[in-house]
Amino acid sequence: MQPEQLKGLLEQVKNNDITVDEAVERLRHLPYEDLGFACVDHHRQIRRGFPEVIYCPGKTAEQIVEIFSSLARKGNNVLATRAEAEVFEALAQTGRFPQARYEKAARAIVLEQKKLEPSKSVLPIVTAGTADLPVATEAKVTAEIMGQRTELICDVGVAGLHRLLGQLEKLQKANVIIVVAGMEGALASVVGGLVSCPVVAVPTSVGYGASFEGLSALLTMLNSCAAGVAVVNIDSGFSAAVTATLISKKIEQKSN
Amino acid sequence: MQPEQLKGLLEQVKNNDITVDEAVERLRHLPYEDLGFACVDHHRQIRRGFPEVIYCPGKTAEQIVEIFSSLARKGNNVLATRAEAEVFEALAQTGRFPQARYEKAARAIVLEQKKLEPSKSVLPIVTAGTADLPVATEAKVTAEIMGQRTELICDVGVAGLHRLLGQLEKLQKANVIIVVAGMEGALASVVGGLVSCPVVAVPTSVGYGASFEGLSALLTMLNSCAAGVAVVNIDSGFSAAVTATLISKKIEQKSN
Amino acid sequence: MQPEQLKGLLEQVKNNDITVDEAVERLRHLPYEDLGFACVDHHRQIRRGFPEVIYCPGKTAEQIVEIFSSLARKGNNVLATRAEAEVFEALAQTGRFPQARYEKAARAIVLEQKKLEPSKSVLPIVTAGTADLPVATEAKVTAEIMGQRTELICDVGVAGLHRLLGQLEKLQKANVIIVVAGMEGALASVVGGLVSCPVVAVPTSVGYGASFEGLSALLTMLNSCAAGVAVVNIDSGFSAAVTATLISKKIEQKSN
Amino acid sequence: MQPEQLKGLLEQVKNNDITVDEAVERLRHLPYEDLGFACVDHHRQIRRGFPEVIYCPGKTAEQIVEIFSSLARKGNNVLATRAEAEVFEALAQTGRFPQARYEKAARAIVLEQKKLEPSKSVLPIVTAGTADLPVATEAKVTAEIMGQRTELICDVGVAGLHRLLGQLEKLQKANVIIVVAGMEGALASVVGGLVSCPVVAVPTSVGYGASFEGLSALLTMLNSCAAGVAVVNIDSGFSAAVTATLISKKIEQKSN
Amino acid sequence: MQPEQLKGLLEQVKNNDITVDEAVERLRHLPYEDLGFACVDHHRQIRRGFPEVIYCPGKTAEQIVEIFSSLARKGNNVLATRAEAEVFEALAQTGRFPQARYEKAARAIVLEQKKLEPSKSVLPIVTAGTADLPVATEAKVTAEIMGQRTELICDVGVAGLHRLLGQLEKLQKANVIIVVAGMEGALASVVGGLVSCPVVAVPTSVGYGASFEGLSALLTMLNSCAAGVAVVNIDSGFSAAVTATLISKKIEQKSN
Amino acid sequence: MQPEQLKGLLEQVKNNDITVDEAVERLRHLPYEDLGFACVDHHRQIRRGFPEVIYCPGKTAEQIVEIFSSLARKGNNVLATRAEAEVFEALAQTGRFPQARYEKAARAIVLEQKKLEPSKSVLPIVTAGTADLPVATEAKVTAEIMGQRTELICDVGVAGLHRLLGQLEKLQKANVIIVVAGMEGALASVVGGLVSCPVVAVPTSVGYGASFEGLSALLTMLNSCAAGVAVVNIDSGFSAAVTATLISKKIEQKSN
Amino acid sequence: MQPEQLKGLLEQVKNNDITVDEAVERLRHLPYEDLGFACVDHHRQIRRGFPEVIYCPGKTAEQIVEIFSSLARKGNNVLATRAEAEVFEALAQTGRFPQARYEKAARAIVLEQKKLEPSKSVLPIVTAGTADLPVATEAKVTAEIMGQRTELICDVGVAGLHRLLGQLEKLQKANVIIVVAGMEGALASVVGGLVSCPVVAVPTSVGYGASFEGLSALLTMLNSCAAGVAVVNIDSGFSAAVTATLISKKIEQKSN
Amino acid sequence: MQPEQLKGLLEQVKNNDITVDEAVERLRHLPYEDLGFACVDHHRQIRRGFPEVIYCPGKTAEQIVEIFSSLARKGNNVLATRAEAEVFEALAQTGRFPQARYEKAARAIVLEQKKLEPSKSVLPIVTAGTADLPVATEAKVTAEIMGQRTELICDVGVAGLHRLLGQLEKLQKANVIIVVAGMEGALASVVGGLVSCPVVAVPTSVGYGASFEGLSALLTMLNSCAAGVAVVNIDSGFSAAVTATLISKKIEQKSN
C-alpha cells in the first residue's frame, strides 16, 4: 500500500523472485495478524512510528490478553488504556508478562520490553485542577512508552493565574505543550496566548452540571481566541500524548 | 399585592374611605395600562426601581410607538432595546418625542426626560474583543438610563493577557463588573479570579462555527472555576446592565 | 501581579533591600503552595476575600486530606464541597481536625477555626421544592463559612403562588436573594419580578425526563423576562453563595 | 376503516346492493381526492370533527390554490396557515373565492362559507408578551373557524404578576385555556397553578440567544410543576387551537 | 388571592369582624402548612380540584413521611409518585396508614381514605409496547385516585397496525385518550388521526441508543401531523393523567 | 387489512358463509393474541416475512416468558434481544423450551424449532474494532434465525486500512454488507466507496467522551459521502440484520 | 486497488509488457482526472455501478461547469444536485450540452446521453405531505438517471391513514420503497410495518419549530419500531435513491 | 509579564536607569495600543512568533481600517480574515495600502510588506471535496503570510480512496498535514492512519441536513480512531494554519 513497498514488490515479481500469486497474497495478508475477533496491526510501528495500542472498554479480558500477547510477541512495548484492575489481574495470572505493570491513576497497563532512547526535550503536561490528574497521567504514560520525557505541572487553573505565571519559563522553552482542563477549560487559551509553540488541549469531564460531561471545556478549547491550540477528544490523554509526541519526534528527528 | 399596599387599602376600607368594590377594582386595574395588545406595567418603577423596558423584536412599529407613548406619559425615562432604525424613524415621525435619540451601535432608542442623580461608582464594562461592542454598548445605554455611570474597557481578551493586567487597578476598585465575551468566553473566569467583587458575565454570539451562536461562551461562563461569576442570556447586554445596576444601587443606597 | 504589590517589590529592589533574583523568585513562588498534585492558592483570601475551596469529585481521599491540611495550616476556615462520607471519615481518622464537621445534606466538610463577624443582613435562600434542599444547603453552608447569615425558605414553587406571597416581606427587605429551582425553574422569574434587589438563580437537576438533568431550569433562568436575574451552574449552590455573599459584603463594607 | 362504515358496506355486499369489487374500490378510493401532488382528505371532517387544513410552507402557490379549491368545493370552511401574502394574492387572482380573507398578523387565509353555531363558552388565549401575538392570533383564527369563540388576553407575563391576577376571574371560569409564551415560558406554570381546567401551552420562538428558537420555553412548559399543562409544538398556535377546541366541543356536546 | 375570597375578607374587615392585621395574617398563612423543609399546599384541592401530590425523588424518606402525614390529616386521598420500595416501608413502619398500598409497577404509594364518585366515562390509556407499562400504570393510578375510571390498552404500536384498529371502537367513544409510547412515538399521531377527541401523549424513555432517553418520542409527538395531540413530560404518566382527568371532569361536570 | 384478505372475507360474506358480525369480529380479533400486557402479533410472519421479536428492556421476566411462550406455540423460531442472563434463567426454569439457548455476547435468547433453508448468499458483518463485537453478534444471531448465512469480519477499522483491503474480494461479492463501527464511524464510508452493493451501517456507542454515546458515529454515517449507505439506530445490530436480510431475501427470491 | 486489476497489472509487469515504473504510474494516475480544484473519479462507474455525481453547494459555477464537462466527456449520464438556476444557466451558456435539462422541483441538472435499459421493477417513492415533494423529486431524478423506473405516491401521511391503505397493493409488490417524511416522520414506521421489503427512509426538514430542521423526523425513523427501515441524511433524496437503486439492481441482476 | 523582560526591567530599576513609576507604567502600557474600541497587541509578534490577525465579523469597516493601520505601521505583514469585499473596498479607498490584496476565495485581506524567508518544508493542505476549498484557501493564505510554503491537494475524499493513495508519497514526506473535510469528515482518520506526522483536522460546515453545520465532521475528527489527529474549530482554516505553521517552525528552527 505504500508506494515504496509496492515498487519493491513489483521489482521482485519482474525478476521472478516471487510469483504473481505470492505477491498478491503478501499484499493482502502480511501486515496484520487475524485473531478472529481482532486484526492486530503489526505494521503500525513502521507506518506511524508507534505500535498499536489496546483500548480496553468493550473488550473481554480474554480478548485483551490475546491481543496483548500478539503485540508483545513482536518485541515492542505494549500499552493498554482504560484497563480495569481485573484486566491487569487476568494478564498477571497468565504469568507470561512479569514486567508488565498497572498504572492505577491512568488505568493503563504498560509493558516496556524495549528500551527507547529518551527524548531530549521534555513535554509539559499542564492541568487546571487536581481532578484532571487521571487524564494527565494517561497522557504521561502514553508519551513515555513512546520515549518522550514529560513533566506534570498540576493545578494551575485560571482562578489563580499567578500559579501559572510561576511556571512560565518552563512552558516557553517547550516544543509543544499538553493542557488538560475540565470545567470551563479556559486554561488552554491562556497558555496558548503566552507561548510560541503549539498547544494540544484535552477537555475533561470534570465539573458541575452544565459542564455536560466535558462538552463545555471542549467547546471552549475549540473556540480558543488564541490560535495555535488544537483539540483532542474529551478525557483522551492518550490521543493528546500521541499527537504531542509525534510533533516532538519530528523536531528531534530533523535537528539531528 | 405588596403587603404595605394591601394593608393601606384595607385601612381605607375599614375607615369607609372607599367601598369594598372600589378596593377590589383598584387592586385589579390600577398598576398597569391595557393597550389591547400590551399591558404596560407602570408599577414596575416602584416595585423594581426601574421602569418597564420595550423589547422590540416581534412587535410592530405601531405597537412600539404606542407602548413608548404610554411609558413616556408617566414622565419616566424610556428605553427600547433591539430596535431597528425603521422603528426609530416611525417614532420620530410622530413628532412627539423630540428628545428621543437612537443609539445605533446598541440598537436602542433612549428618551431621557427625567435627570437621574448619577451614581458615585463607575461600572466597568469589559469586552474580550471589538466584535463584542454592540452588546457592551447595549449594557452601557441601559445602565446609564438607570443613572449608573459606566466605563467601557474594550478588547482585552485572554489571547493577550497583558492588556487586561494594564486595567487591573480600575477593575479592583469596582463594586461589580460586567464582562462581555464571545468565542470561548474565558475572560470572565480570568477577571473573576483577579477581583473581590461579583462579576456579571454576558456570553456573545461572536465566533467561528463551534461557538454555536454563543453556546460555547455561555457554557464556559457557567462553568467558571472562579466563583463569584453569574451569567445572563447570550448577547443580553440589557440584562447584565440591570443586574449590575441593581447591585450597585443597593451598595450606594446603604452607604448613604 | 497586583499593581500595589509589584510597586512595593520594585521599591525594595531599588533600595537594595532585596536582589533582583530574589524579587523574581518572590513573584513566582510566594502566593501558593505546590503539593505536587495541587497548587494551593493561599493568596486567594487576600485577592478575592475568601479562601480557596476544595471541590472533591475526581480527587482521591489522600489528596483531599493534604489540601485540607495545607489550607487549615493558614488558620483560615476550610470548606470542602461535594464530599462523600468516606472522605470525611478519612479526614477524621487523621485526628488533626477535631472541629471539622460533615454537613450531610450539603455533602460538605466544614472547619470553622476563625470566628468571622456575622453579617448584618440575612440572605434568603428560596427553593421551589423540597428536592432542591441539598443544593440550597450547599449554598447555606458556603455563605455561612464566609460570615454571611442566611435563612432558608423552602418549597414555595409557582404551583402554589400564595406560599411565595406569604414570604414577600422578607424577600423585599433583602440585599440579594438566591433562588434554587429545578423542573421548569420558573420561580426565579417570579421572584425577580417582585423585588428590587438582584437575584442569583441556581438551576437544579431535579425533574422528570425532559428536564435533561437541569438544562430546562437553566434555560428558563437565562431567559428570565424579569431582568436582574443572573444564573450560576446547575446544582451549584456553592457558586450562588459566593456570588451572593460578595454582593452582600460590598454593601455592608460601603455602608460602614 | 371505521367499524360503522365497514359494517354498512358489508351489509350492502350481503344484500347484493354492490358487488365485492365495488366495495373494495369504495374502501380504497372514496374518502380522499388525489390531485397528484396531494391527497385531500375530505373524510377528515367526519372522522375528526374539523376539515383538513393547508400548511403552506414548502408548497408552491399553484399547489395551494388547487388544494384550497378542492376543499372549498365541498362547502366547508377552509383554512390555510403560514401563508405568505403572495399566496393570498395568487388565490385572489383566481377570482373564485371572493369571500376569502387574509389575516395578516396570523399569516392565515380564511374562507368562511358555512356559518357554524358559535360555541357557548369563550376560550381565553393568554400571551406573556406582545411579541407572542402572531402565534396567539393563529390560534384565534383557527379556533374561530371551528366555531369556538375566543378572547385574547395579552402581555400578562410573570415579570408583572399583578397583570395576570387582574384577569384571574375570567381564567377561572374557562373550560380550557391556551397560554402562549416565549423567553422562559413560565406563564404556563403560573396559570396552571391558579385554575382547575386544563391548560394548553404553546412555546414561542421569541427571545434572546439562549431561548434557542423556542427550546427554552418548550422545556419549561414540559417540566411545568403545575400538573394539567400539556404542550404543543413551538409557535404552533394552530395545534393549540385544535386541541383546545376539541376539548371545548366535547364539553358542550355532553352538556346538551 | 382568589377574587371571591379577597372580597369576602374585605367585607369582614369593613364590618369589623376582623382587624386589618388579622386579615393580612390570614391572607399570608392560611392556605399552606410550613413543615420547615416543605410548604404543604392544602389549598390546592379547592383551587385545582385535586390535592397536592408528593414527587419523591430528591426527598428523604423522613421528609416524605411527614408530608404524607400532613396531607393525610386533611382526610384527602394521598398519592406519592416515583417512590422506591424503601419509602413505602418507612411509611408502613409508622403504623399510621394501614390502608396505604404500594403500586409496584407504577412505583406509587396510594392512600384512599375518601371514596370519590367514580366517573361515568372511561379513560383509555394506550401503550405502544409492553415496556411502556410502568408509565401507563402511573397514569392509571393517578387518574383513579382522582376518581377517573380507566382502561389499559397495551402493546398496540404501529409495527402491527391491526392491533390498534381492533380497539378503534373504544377509542372513538372516549372523551380524551392517553397515548404512551417510546422509541419513535408514532402511535400518538396515528391515534390522533383516527379520533375526534383530544389526545394527551406521553413520550417514554424506552428505546435503543438514538431514542436519547425519550427525546425521539418527545419530538415526534410535538411534531405530530395530527392536530389535537398535546404532550407532557417524558415518562410522566402522572402529568398525563392529571391533564386528561381535568378534561374529563369538565365534561362530566357540564353534562350534569 | 390486506386487500386480498379483505376481498376474501367480503366474498364469504356475500356467499353467506359467515355473517356480517362474524366478519367484523374476524377483522378485529384474528391476527394477534392479547395477553393483557402484550398483543402478540402472530400475523407478522405472513405480512413481513419474519416473526415478532421480543425486545426485553422494560419488560419483567414473567412478561417475557409469557410472550416467548405465545410465539413459540405457533411453531416459529423465537428471538429475544437485549436479554439479561436472569431472563434466560427464568425461561430455562419453566422447562418448556429445552432447545432455547442464550447467546451471551449478543445478549440474545434463541429458539430454533423450525429449520429454515439456509440462504445461498453470505452476509458480511464488518466491524471497525473488537469492542463493536456485541452489536455485530446481535446482527449475526438475528440474521441467522431468519435463515441468512453470515460471516463476521472483525477489527478492520480505518486506522489500518490494509486490514480492510485484505478482505476486499469478499466484500465485493456480497449482495449487501453490514458495517458496525463506533468512535468516528468512518468505516461505513470507506466500505461504501469500494463496493457496488448497498451498505447497512450501525453506529455503536463505543468511544471516548465526545462520541456522546454513539452520536458521533451516527452523524458520520448519515453524512457519508459514499452514497448507498443507509443507517439504523445506535447499537441496533438487530435492526441492521433485519434490513440486510430483507434485501438479501428479495434477491434470492427473484433469482429463483 | 481492486484485486483483479492489481493481479492483471502484476501479470503485465511479469511479462515485461510494461515497466515497473509504468505500472506504478498507472496505479496512481489512471482512475481519476485532476482538475486542480477537483479530482473527478471516472473509475466510480466501474467500481460502484454509477458515475460520480456533482453536489453543487460550495462550488462556484465555473468549477461545476468544468467537472460537468469532465464527466460528460466519458459519455456517461451526468447529474448535478442542489443546483441553483444560475448554475444551469452558466452551463447552458457554454452551448456544449444542448441535451442537458434543469429539473426545477428537484434543483437538479440532468444530462442523459446514454440510454440505460429501464429497470423491470418500479420503485415507489412515498411522501407524507406535499411539502416533501422537492426531496422526493430529487430521489426520482437520481433513480431514473441510474435506469430505475419510479412512481411518486404523494401526501399519504398518517393523519389520514386510509390514503395510505389505498396504495397498499402497490407497496406490497415493491422490491424496496422510499419513504419521504418531515414533521414527526411516522410514515416510515407505518409503511415498514405493512410490507415485507426493506424501506429506505428520508427525513425532511419540513415542519414547525420543534422539528428542528429535520432532527425530529430523523430520530423517529432511526427509532422505528418496525424493523427493516434504514435511514439516510435529512433531505437527501439523492442518497435514498442511490441506496434503493443499488438494492433494486442487485435483485434484477440476480434474477436474470 | 515574561520572566526575561521582567528581570531586565528590574535590573534597569536597580541601576536607576528608570524610576519605579516609569517601570510600572512601562509594564502596563507598552505592549499594546489602545484605539478605544480595540487594544492592538503589538507584542504578539515577539511572544507568539506571528502578529495579531484581524477577525472581521462584528467589526465595522471603520474599525477594521483603523486596526489594520495600527498593525501596518509596525512594518509587519497584516492579515484580516472573514473580510467581506466591502471591507477591502473601504481599505482601498484610503489609498494607504496599495500593496494590500483581497483573496476572494478565502475572504482574506493580505498585506505583505516584509518578505519572510520561505520555509524549507511544504505544508500539504488536503481537502475532501471541492466545496471545502474556501476553508482550505484561508489556511493557505494564513500559512503563507507566516512564511510557510503550502500545497493544496483537493477533492481526495474517501468515496474514491485511490485519489488519496495517489498522493501518498507527498503526504508521507510532510512534517505536518492539514486535512479539511465536511460531511462525515472521515478523511482525517484515513490520512492519520497512513502517515507518521501529526494531522491538524478542520471540520467544515459543508453537507446535507444532518451535518448540522459542521457538527458531524467535528465529532468524527475528535473521535478519530487514528491517534495523532488534533482538531480546530469548524471552518477555521486560519486556526489550522497557525497550529501547523507553529509546528513546522519549531522543526525548522531546531534543525538549523
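A, B, C, D, E, F, G and H are the chain letters, set down in written order, and residue numbers restart from 1 in every chain.
Just so we're on the same page, a contact is a pair of C-beta atoms (placed from the backbone, for glycine too) under 8 Å apart; a residue touches a chain by one contact, two chains touch by 3 or more.
Everything quoted here is computed from the prediction, not taken from an experiment.
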Interface residue overlap between copies chain A and chain F, same or different (over half shared): different
Furthest chain, CA centroid comparison against chain D: A
Rotation in the CA alignment of chain E with chain G, degrees, nearest 5: 180
Centre distance in Å when chain C and chain G are each reduced to the mean of their C-alpha atoms: 58
Averaged-CA centre spacing for the pair chain G and chain D, given as whole angstrom: 38
For chain C paired with chain H, centre-to-centre distance based on mean C-alpha positions, whole Å: 40
Centre-of-Cα separation between chain E and chain D, whole angstrom: 26
Contacts with 2+ other chains: residues of chain G: 1, 3, 28, 129, 159-161, 165, 193-194, 207-208, 210-211, 215, 218, 222-224, 227, 233-234, 239
Interfacial residue positions of chain F with respect to chain H in the complex: 128-129, 157-161, 183-186, 189-190, 192-194, 207-208, 210-212, 215-217, 219-227
Residues of chain G touching chain F in the complex: 1-3, 47-50, 53, 165, 168-169, 172, 175-176, 193-198, 200, 218, 222-224, 227-234, 238-240, 242-243, 246-247, 250-252, 254-255
Residue ranges of chain G touching chain A (in the complex, touch as defined): 3, 6-7, 10-11, 13-14, 16, 20, 23-24, 27-28
Touch list for chain H against partner chain G, complex: 129-134, 154-156, 159-163, 165-166, 182, 206-211
Complex contact set, residues of chain F against chain E: 1, 27-29, 31-32, 36-39, 41, 43-44, 52, 55, 57-59, 63, 67, 203, 205, 213-215, 218, 233-236, 239
